[in-house]
Every structure is written in C-alpha cells, then in structure tokens.
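You will see two complexes here that share chain A, one where it goes with chain B and one where it goes with chain C.
Moving on, here comes the complex of A and B:
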C-alpha cells in the first residue's frame, strides 16, 4: 500500500508566559517529536490519557494547530505551510470529525447548509447538485432526507454526530481524523455511530485516524494502534502487537485499566491492576529519561515499535 | 422530533415567546410603534414656516388657545408642531448614529476578536485610549469648529466618538464563538476567513446585537438632546427635543409657562422608558436562562 500521510518529528509547544514583563518562561510540550505514517485506506488508532497531546496531533494534521517544528507530508508534499495547504485543496482530502457534536454544528444553520459547506468550497456543484448530494450523504449516515432543512438542536446526540460524519465524508476525502467522535455519546448510541463510520470507511476506502482514550472503541475500529504519553509516542503496533505483546510499561498500565465485568475474579483483577500500577511507579525511571520524556521508538518487529531505552534492548536480546 | 420543532429556540420564536409572556413589553412595543409612526407621518404635514417664522403677537399663548394645542413659545411658534418635528429630528439622529455605531463596532469587534494576535493587541489599546477620552467635551469642540455644520455632521461626529464600547462587547462574544468547534469545522471545510466571520459567527451574535441596539438607541436620544440642550446639538433653525427643554433654563418659563418645555420632557421620558421595557424582554431573548416562558 502507498503511504498517504507522514508525520515527521512534529512538535507543538505552547509558551507559558509569566512575570512582570510577560516573558516566555517555559513551554507546554503538547506534542514533542511525534513521527508516524498513515497508509491509504487503513485505520489507525491514537490512544492516550487526557492531556497526552493526541488531539493536538489530530488538529495539527488537519491544519488547525500551528506546528512549532517538524513536517507533515501528504502524498509526498510538505503540508506544514498554510499556503501549500490552500494551494492543493488539502482539506478536500483530509477532513475531521469533532468530539462535541453540538458545538461542531453551527446552531444557526440548517443541516443542508452544514453538509453543503465543504461541497460549496471544493466541488463547484450548483444548488440542484448540492441538494441531491446532501440527500445522498444523509442516506449514507441513515438520516431521512426530510431532516435536510432542520436545525442541529432538533437532533439527538447520535444523529448530530452522524451529521458531522456526513460533512466529513462529503468531499470524498482520503483521510479522516476522528477526534474522540463517540466519547460524548451514550454507550448504546456509540456502537451505532461507530458502525456507520466503519461501513463508510470500508465502502469508500478512506484512511481513518481514530483518536480516543477508550481502548475498547479503538479495538473495535482500527487494526493499527499508537499509544501516546506526555506528548510522545511510546508504542506503535498492530492490534495484536499492542493487546497481546505490549512491551512498554505505560501500555501495560493502560491495558490493565480497561474495566472488566468479571465479578468472580474481581479481587484478582484488582490485585493485578494494583501490581501493574506498582510496577509502573517502580520502573518509571527506567522507561523515561531524566526529563520524564519517553525514549525514541525502536523497531522490535516488522510492525511493532516501542520506546525502549538501549539498555533494555540488549537485556531482552533484540 | 415534532416536540423539538414546536419549541425551536430560533431568534424569531424566542422573540415571540418573550413578548407574549411579558404584557408590559407588549404594551410598550405597540405604543412605541404607534408613537413613532405618528411622529414621522405627522412631521410630513408640518410646514417649515411653522418652526422658522417668528410671530411676536402670539408669544407664550397658553395651551388650547387659537388652535395651538400645546400653546406657543417665545417666538409665537406652535409647540405641538415644534414637538413633532423635534421628535422626528432627534429620533432620526439617534437611529442613524445607532446603526452606524453598530456597523463599525460589529465589524471591528468581529475582525479583531477573530484574528487576534498583534493586531488585536494594538487595536484594543487604541480602543482603551479612546474610551477614556471625555466624549462630550470633544463633540462640543468639534461642533463649534466644523464649517457647514448640519444634522449629518452631528451624526458623523457622534458615531466616530461612540463606537468603542461596542467593539469591546462584540469582541468578547467573538472570542467565545471562535473557540467553538463549528468555526474549526468551517476552516477544515475550506471556508475563507471573511465568510466564517460574517456567515458563521455573525448570526450567532444577532440577539446580542439587537439588545445592544435598543439600549444604544435610548442612550443616543439622550446624548443628542443633552447636546442640543447645551446649545451644541442641532443648528438653531432645526428644532430638537433638547432645544425645547432648553427653554426651561429661563426661570420665568420654567415656573410660569410649563407648557413650553413639559411636552418635550415627557416625550424623552416616554421614549426612554418604553425602550427600556422592550429592552428587558430583548435581554431575556439574548440570554435564555432569564426566560419567562
């Protein structure tokens, strides 16, 4: 498969200003040297705890977040510069689904205007064609065509998120960044929305970057995963690599934190979680450098990369 | 879905509901409309001679004599005709000043709030500087030094010195809206910045702007009449509510001939109170947490 998008050593730092002259005294390292690549038509999961910088990476990819340093290549062309992005209609090919479906839809616009917005800008369709296309898109996400002239607040959360999906799919993009698209939804509605996304992904061959803190959701949606912690990637691998052969301490801890409904073994599970947490606290210094940053990623198999220190690589015989 | 449709919080529905719930506001808006229509239509039938020609023989006639409903002033001019024309002039000035200030303030606030950065910093410091200037004094100075001074010069002067607070208000709300995801979604949909500002963000500020407009309108009537009262408002041959009230500065007229100045004072009071009553309802439209319905 061809490489669609490559993120190369991307850093996003926010200055912290303080003191009498409001000088920059320090930085928040929201993303600190992140590199990965996305192939056409495949699904990727980006997982991390709150504040780990996963949303920042997603926004940087679609061009909503200025990058401090590093590069994002789309089909071999550097898209870090906003001029380049505008020149090739980058956002026709890379779209985003937002977390909060209420605030991502303009309350003063009808569903038709919302979905037609990217089409108006990128496709050059006239009004008749637009109406037909919007009807088709609504059909894809399972909403009746009559809803076209209603306003966002007249829909439930799940329906609104499906409108958001329809808008993202409208220009037939090659990559969709989904920033926690179901975390604001009811559990019963989550599955429904996820299945729509999965079907669209398969039918149109769109690459998906699925940002989430919910490992269960990501496991359902994606075949490749990347784990992020404190602005750096700690482990990249296939579903099997991560869930069954996790190498990094943080990944293990994250996996242990998945809630299980397993009443007979409750005490055992809790003890296991406690043990992992203890291990994390004890060995933290070995897995992170002096500044608390994760080490650079090292390939341990063809699909699997882990941020392990050199000493540990020798020790485990890689 | 049907249920949602009925209580749709669109601007029009919210307006209708708030006015239905509030009898006072309902009464105020009807009275205000009737009064305004009466003034503007009535002023068409008042000949210019009615407020320019002096007739000493008819000086200070009390009300209801010789067909002068409200009597006459020191020049023998009919107070009722003067009142109608004065009210029209004052309202016209207040209207145009309000519209122009809102246009300038909204565009300024939206642009500076949306783009932010260095421009915002410099622009807002400029606005800060302008807000601390004593506006009234500057208007008085400008009015006295400007050649060919007329109603339009007054409107322009009042506008240019009055739009700073609106910028601040609109900018504050724009900063909130800019951080909502629909603006980000529009950016990723390839919409240009100008279109995002005026097609996406602007409609979401409409209720705020309506409230601001009503209160500002009342304020501008006040500002123009006080200028005219001080003698720096409209030129001498153009009556204004302020010039009518100015008659009360003469103690003799103030105590002995109240019909000369009371109608104008009542007119200003009536307009301001009615607009405030409507403003109450509009404020609830803008902030639905205060809604009565």
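Moving on, here comes the complex of A and C:
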C-alpha cells in the first residue's frame, strides 16, 4: 500500500473580529483537527452538510486555504512548508475540479487557452504539441475538437464541467480533489459527468477525493468514505462499513435522512427517520465531548474508524 | 371532475415574448389536485414545471407572457382575474413556497412583522389575533422559541429555519392549495428530511392539496401521491406514485430512473441520456421531443405527429405510442 497523501491534525480557524479596535474575539473552527490518508489510485468520499468544513479541507489540500496548524504530507514530504511545494511538483500532481464551472473558467479565455495553461506551466510542450494535447484531452471528455476556440459561455453546464475535468487531467496529476462537481447539474447531465470522471480515474489510476453532500453520488463514485460534522471527522470506512455498519449516531442520522426510491416502504422509512432523529436529539451529548466536538477517531476494524469514546464501541471482531 | 377538486388546470399553454415573437414554453398541460393530495411535478431544468406553477398563482408578467386554457382554483376561474382580485386569491386560496428562502423573505423586516403583513392582506384573521397567530404558525412549522424568532431578522436564522418561515408565510391564511417549488433543493439532507416531514404534517392538519415541484425523484418517491413527469413543456406521463416507480412507461421516465445514481450503486457506468434538453425556440410541440434523444428507435416511431396522453391503465397516462416499442439501446 503506497500512501500518497496524509492529512495530519489539520486545523483551519477563521478569526472573528469585533469591537472598537476590531480585535480578534473568537474563532470559527472550520476544520478542527482532521486526519486521514489517501492511497495512490483509490477513491475517497468526504461527506458532510453545509458548514461541516468539507470544502475547507479540500481547499487546504490543494493549497487554496492557509492552514492554522497541522501538516499535509505528499509522498512523505511536508507540503505545509512552502519550500517543498515546488520541489516535488505538488502543484502539478494535485489538481482540483470546482463546483461552479462558470466561475472557475476564465470567461475571456478560449477552451484551448484554459486547458493549455497548466500544460504550458508544467509540460514544456510548444504550440503544435499543445494543440494536439488539448485535442486529445477534449476527446477524453467527449467534446469535439472544434470547440477548442469557443468561450466558456458557449457551453452548457455539463460541458463546462467537462472542460474543468479536462483541465484538471491535463497535468497527469496523481490526485484530483473534486468539490461538489455535479451538484449544480441535472440528473441526466450529472450521470454523464460522473461517468467521465470515473473512466478517467480508472484509466489513469488517479486518486480521487470526492467532496459532496449527496450520499447517492458518493456511494456510486468512491470506495472509501469519511463523514464530517462540525469541523471533525466522525467516521471513516469502506462503502460497506459506512452503509451497512455505521456506528456513529450522526452517520446513522445522515443515512436515514436520504430519501429513497422505495414507495412501498416509505411509511416505514419515515418512521425510522423520525426515530433516529429523536435519538440524535436525545443522545447527542453522549456522542460528543463537553465542548460539542466529536471524539478522536478509534479504529474498530482494519478499514473502519469511528469517533466514539471507548465505552461505546461495538465489538466488530477486533 | 368531482366538485372537491382544489385545482383544475385544463389545456394550459404559456408563451413568452422573446425578440418580439411569442415562443411557447408549455403546451396543453392539464392537472388536477384534490384535498389531502400531494401531486409532484418532475422534470429537468427547462421542462416548464415552474412556468406552469407560476401561471397557477398568476405571477407571469402579462405584457410579455400569454397564458391560455383554463385554470380553476376552488371552482373559480383565475386566468382572467384583475390584479386586485388576485391579491384576494394569493395567500388565501393558494400558498406558495419558494426555493430560495433568503430571496423570498424581506431582509429588513422582522419575521413576525412579515407574517403579520401576510395576515393583514386577507381577513381570515383580525388585527387582535395577529400576535397569537404568528406564534401559533412558528410553533406549527417547528421553530423553537417562537417568541424570540418573531423578533429576529431573516439573516439571523439558518437555511432550514428560513425555509420554515417561508412555509409559515405560505400557510398563514390556511390556503387549501399549496405550491412548493423545489422547497428542499437548497437544503442539506437532514434538513430536507425535516422539511418534507413538516409538509406532510401540515397537509394532514389542514387537509390541503400540495403541488410539489422538484427534479429529485427520490423526494417524489418519499412524499408524492401522484406524479406528473414533464419534458419540454409537456406532461409525458402521469400516474399514482407506486405505479409510476413500479411500472414506468414513457421512455423519458424510464431513462431518468435508470440514470439515478442512488438506484444503481454497484455498476460502473451510469446510464446517460444522449443529447441535451432542447432550447425553447427548438421545440416542436407537435412531436414528443424526448424521442430526439433516443435515435436508435425507428424513424416512424420518433416522428409520431401530435402524440396524445392516453390512459393505459386506470389513472396511468402516457403520451404517444413510442413507449409500446421503446427499448434501451443496449436491450434486445
């Protein structure tokens, strides 16, 4: 097993300023001690509700968000030290796909320039080679080569998101962080974009960190999942661990809240959902410490970690 | 048609004036809603579901929009109401829940005052009752500490709480018909579940009929009683919710269900519907436009002229005849 990226106790705190002197009076704990690791070529899902800090973690990994404390190791080298970044080509090896394709593509640049920019920076290709490579990349995401000289506004949302994917793949990265890449898209378009992402992930052996609030999409896309709540991870595990053996009450609540296409059993599902919600409201204090933070993660099996105090762990043959 | 129906819309067509010419957005849409019934209107963006809802509540700008057909709300023809008459219908007979609660609330007005404003337009409640009604409403939509929240501004509330306030506004005068336009799209999964439960509770209490507009099939499966699927301005299939999910017939319904990732979680590839939703100016209302996206079907099937909705089983309506021969490209 080769570890590609390790996030170690990362904290991102935003200061809240107030008062006459505009002094720092408190902090928002967007990410509050998050640790996990990503292996080469594997897919990971980071799930949480809005405000849970999942996007903050994604941005911190790519380097768009300065971290308050903690470390991010890429192939064993500490990326929080700026000197190391250029040295190991981190900016080439880790790419990002954004949620809003309109604001993440420069409206004044053609598709060719958008996709060629990372290539110019990192590949050393000259004009002929560039054009050929861009054509190849467009082909990978199913866009005709003629679209190369069009501008972002001339495309539909799904097509723009595919341009974003082509740009992310251009530098042949080892890790792609995708932050809610399909949540702005319609169902039929979403399926298409997900298929391209999955195919590229497989063909090029790229590790994926898929950030989303949509459990259905994440279940489809990734083998490993991490559930985040209020800046902390509450559970990490394989697809099977999370969907069939969830232990943390918050995970159970999140799972119960997803509407299902199961008309005959919907009354039963609704009752189950309400029961879990009630249980969550009643027993919340047992699952979080005195400050309302989730407990540190404890391993319950080789793949499965839960943020529970020792006394509450259910035995799982470990 | 029974007398009890809250809404009867017959052959409603809506055209927008674009560059001096009228372009038809929805064509010949008929729908009825009974008390205690949740009717879901499903479709992708651009399918005309919100356009239809907007015409029921009379919010189209009539200088730029043509609405034809018949819309009866509680047996009253609302299509040709004067603006002053509309004020009496909106809120009292039809309540509307909007998608974006922040945009639907006045940022400069306290929550309690906004609800009182809605109460003052109609005479269901009288001035001395307003304060009690505000607290009662906030309680009903599950807002903790209603006395305090009534004195707060929208920005002080979370997204889920704001949506509850919008629902409180919509039901303030106890309308019998509620239109909910993507009420949970902007919300997280757990909040969505709470809001959907709340809608069902309110319906049970008031005996209201709800039109639920959404693009999310799993939301439909959870709360709807009847479902109408829209594509390119037409209803292509309508059925009881159990029947629709167990026995989808129209190619579009079947394709949508097949491309839903929460249903097939193990297979590698999701089903992709070829092509894109046609733009307004490219819609030929004499054909089933979805069949342009199933090019493997024989030409004569795809070109069927003026396909009509037909009842193929009790309560199950499907447009045209293509469904009889439809197979996915990878089926034999």
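Of note:
Note that the second predicted complex is superposed on the first by the 311 of 318 C-alpha atoms of A that agree within 3 Å, B and C clash if a C-alpha of one lies under 4 Å from a C-alpha of the other, contacts with A are read in each partner's own complex, and residues count from 1 in each chain.
Simple rule for what comes next: a contact is a pair of C-beta atoms (placed from the backbone, for glycine too) under 8 Å apart; a residue touches a chain by one contact, two chains touch by 3 or more.
Bear in mind the structure is a predicted one, so any value in this text is a computation, not a measurement.
Taken together through their common chain A, the two structures put chain B and chain C side by side without a clash.
Of the two partner chains placed around the shared chain by superposition, chain B is the only one that A:122 touches, whereas chain C remains out of contact.
By the touch criterion defined above, A:45 reaches neither chain B nor chain C. In the overlay built on the shared chain, the residue A:92 is in contact with chain B alone; chain C does not reach it. Across the overlaid pair of complexes, the angle with its corner at the CA centre of chain A and arms to chain B and chain C is 80°, in steps of 10. In the overlay built on the shared chain, the residue A:70 is in contact with neither chain B nor chain C. Set against each other, chain B and chain C touch different numbers of residues in chain A, with C touching more. Contacts of A:257 after superposition: chain C is touched, whereas chain B is not reached. By the touch criterion defined above, A:231 lies against neither chain B nor chain C after alignment on the C-alpha atoms of chain A. Of the two partner chains, chain B is the only one touched by A:62; chain C is not.
Of the two partner chains placed by superposition, only chain C is touched by A:186; chain B is not. Overlay on chain A (Cα): least separation between chain B and chain C is 9 Å. Applying the stated touch rule to the two superposed structures, the chain B and chain C interfaces on chain A have no residue in common. Put simply, chain A touches chain C in their complex at residues 49-50, 156, 158, 186-192, 194-195, 198, 213-217, 219-220, 253-254, 256-264, 266, 269-270, 273-274, 277. Only residues 59, 62-64, 89, 91-92, 94-96, 98-100, 103-109, 117-118, 121-122, 150-151, 153-154, 164, 167 of chain A touch chain B when the two sit together in their complex.
Considering their complex, residues 1, 4-5, 8-10, 180-182, 184-191, 200, 203-204, 206 of chain B touch chain A.
Contacts from chain C toward chain A in the complex involve residues 44-45, 159, 188-194, 196-197, 215-219, 221-222, 241-242, 245-246, 255-257, 259-265, 268-273, 276-277.
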